[in-house]
């Protein structure tokens, strides 16, 4: 038998108070781990969005409400499509691509789908080429134009037309080179649900469409959509040449601020927002969650600590004669203190581990309601949780341990 | 073996000084069997505690096996107690959540002996006391007599030079009482252990080689040493 | 590495790639659909200015007045037509220019060869309209660019001078022969003086010069006679206006 097994046997003998103290600690760690993991994953999602879309802008109707970049077109407000041409003709520095969209809720084989109209590049490149003379004039007269932007290594700058000619690349690039009037691109989830594959014919609102491509999964709401040519969707909707949103893809974040001002001036009836504005709410929510989780953790750890202290005091009192007998058998006061602290540390460690497990389960269950990225556990929270649980358990057991160490050994002779 | 010089003990209780033991001087030789009698609250247990290194006297010195107990630091005194002194209690003081075997092992566990040594030695003693088949029983599953035998085994496992017994037969039936006393005597003879026994039982007290009495904190010798020097 | 982006990004970069790779589907002028007005005026060697509008408001009237004044100044060369974007009679021209999706009012100028020489919306100045009247060869350059081709312009001291050997090699090369168009301009041609003025080359040149333009209107450089083919090719490859396999590979695509 060892001192450690002595501690373990005593806990097994009186599990209820130990479990109660352990649960209090576990709750604190669970709260910290779950909330922090969700907050961290949400931060990662924001960072990914900023990385992927940081240079992008959304041009929206002023009254449109916006929660999510990928669902920016899911509202009933519209803008005239001429805004697209207005942006092209303005020759704004930094505009690399544009993706105007119009959404129409409809059914395919009695299943609800979002039919999204997208404009292929060929449609507006033609208009951009009508400015050749002006461009040549500016090139010859103003050779320094745009020089401030010459070191751009933006993401979409790297995309080639050939990339976009592959219709499947839409999932990544969000732009297609060309799309026939009655061709559709089907998102991965939608294809599965509708049970369609490439070359299939699908009837939408009385018109027959051919599935030009099934898009690879992108992990966004686009996976549940069906895409068709914007002008076809406009005709089907009977809404005329309008769009719900114009996604303007900037070549890099350096140009974003200037571009926002330029577009706001150009389109006074529209609302121009950046990704950073869009994620601002999410970022402050994350911060709040993170702070609250630490506060909650601190409170629960204090409660846990108090519970441990109370359990340990009661334990030492109950075991007075037992501890006195150990002293009579030759145990040092330091050994009795160690017995108490070992029990406390076991509560801390096991409580922390249980809390970690509980927190992880909670995060994986509740996480998807808050963020739509694969959830990663916050290693920092796990570290803080486990270490704090141990420290709190030891700290709050200090006085009970001291009490054990100062026990009068002759208590073993008393009939207690 | 034991040499106490002018040892006294005073307590402070509610601002008043209470004398538990008047200055006393006593010597006990190795292998002696000494009984201490006296009414309740007279200072018997106080004397026993001081001899066991668990209660520092207010004055005087306590020498056990050549060590001035209260000049040792706490951990050295604990170690000394672990190795040299064994206690037998009226209420057995078994740890209720340990088995008989584990209870017997306790002094060796505290002394960090190897697990196999602890186990073998404990089993040996339980067998000697006829409790081999009860090794895995908890104290609550044993009779009072069996519990005291387990406690005795625990006391003897470290082969102490001094056994301090506080009314070891107080809660026992006559058979068990006889068995306990027989064991203590055997130990005394076989291992030359010194036994100091506090008791209310006059027949047990009388059977001791020396009989001491404490009345209101005053230690007197009623039955002097029998040929101890020549024994 | 991406200094090509230092220009007017959207129009130049993406436009260039789109036009180079998808030339046929983009250059509307080459298709010459049945828009009567365009054909008629093209036959007359005239520029046509279409003023598209939805409401006959002050902006439209101002634009119309600027266009009419410009047409009056170039009576021999230009004509104008005011088109309501929902007019059934003009549906061919409206569809051709997708006018219902243009910001209105807009003016589009079309050269006799079919090249679109200007597009302005809401307002237009006399100088801008004047700039849209081009010399015949300059209009050819613009048409080539709108057809998605690299325009290789040979500025020659006289009609009988051969273009530079670099230009000839460029036009015959494997990488560029399908994607470039040659336009020769003689300094002795009085109609082309404006061309020389626009590209800032003196008509007194002694040796041929070569200018490269990439869609939709990038000036890649003006090169002397002794420039080698490699220099021209390198200029195109490094400009980002090229979408050949080599360039894609170099850019790690």
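The first chain written gets the first letter, and so on, giving A, B and C; residue counts start at 1 in each chain.
We take it that a residue touches a chain if its C-beta (ideal position, glycine included) is under 8 Å from a C-beta of that chain, and two chains touch if they have at least 3 such contacts.
Values in this document were obtained by computation on a predicted structure and should not be read as measured data.
Chain contacts in this assembly form an open path, with each chain touching only its neighbours along a single line. By the count of C-beta pairs in contact, the leading chain pair is A-C. In terms of their C-alpha centroids, the spacing between subunit A and subunit C amounts to 48 Å.
Centroids of subunit A and subunit B (each the mean of its C-alpha atoms) stand 69 Å apart. Work out the mean CA point of subunit B and of subunit C, and you get 115 Å between them. The residues of subunit C never reach two or more other chains; the list is empty.
Touching of two or more other chains is recorded for no residue of subunit A. Interface of subunit C with subunit A (complex): residues 1-3, 5-15, 17-22, 25-28, 98, 100-104, 108, 115-121, 128, 131-132, 134, 141-142, 145-146, 198-200, 213, 215-219, 243, 248, 251-253. On the subunit A side of its complex with subunit B, the touching residues are 1-3, 6, 9-10, 12-14, 321-322, 324-335, 408-410, 412-413, 415. Taken together, the subunit A residues at the contact with subunit C in this complex read 81-86, 88-89, 91-98, 121-123, 125-140, 145-154, 157-158, 160-163, 165, 177-178, 241, 251. If you check the complex, the residues on subunit B that touch subunit A are 45-46, 48-49, 52, 54-55, 74-75, 78-79, 81-83, 87, 89-91, 93, 95-98, 102, 105-107, 109-111, 115, 118, 154, 158, 166.
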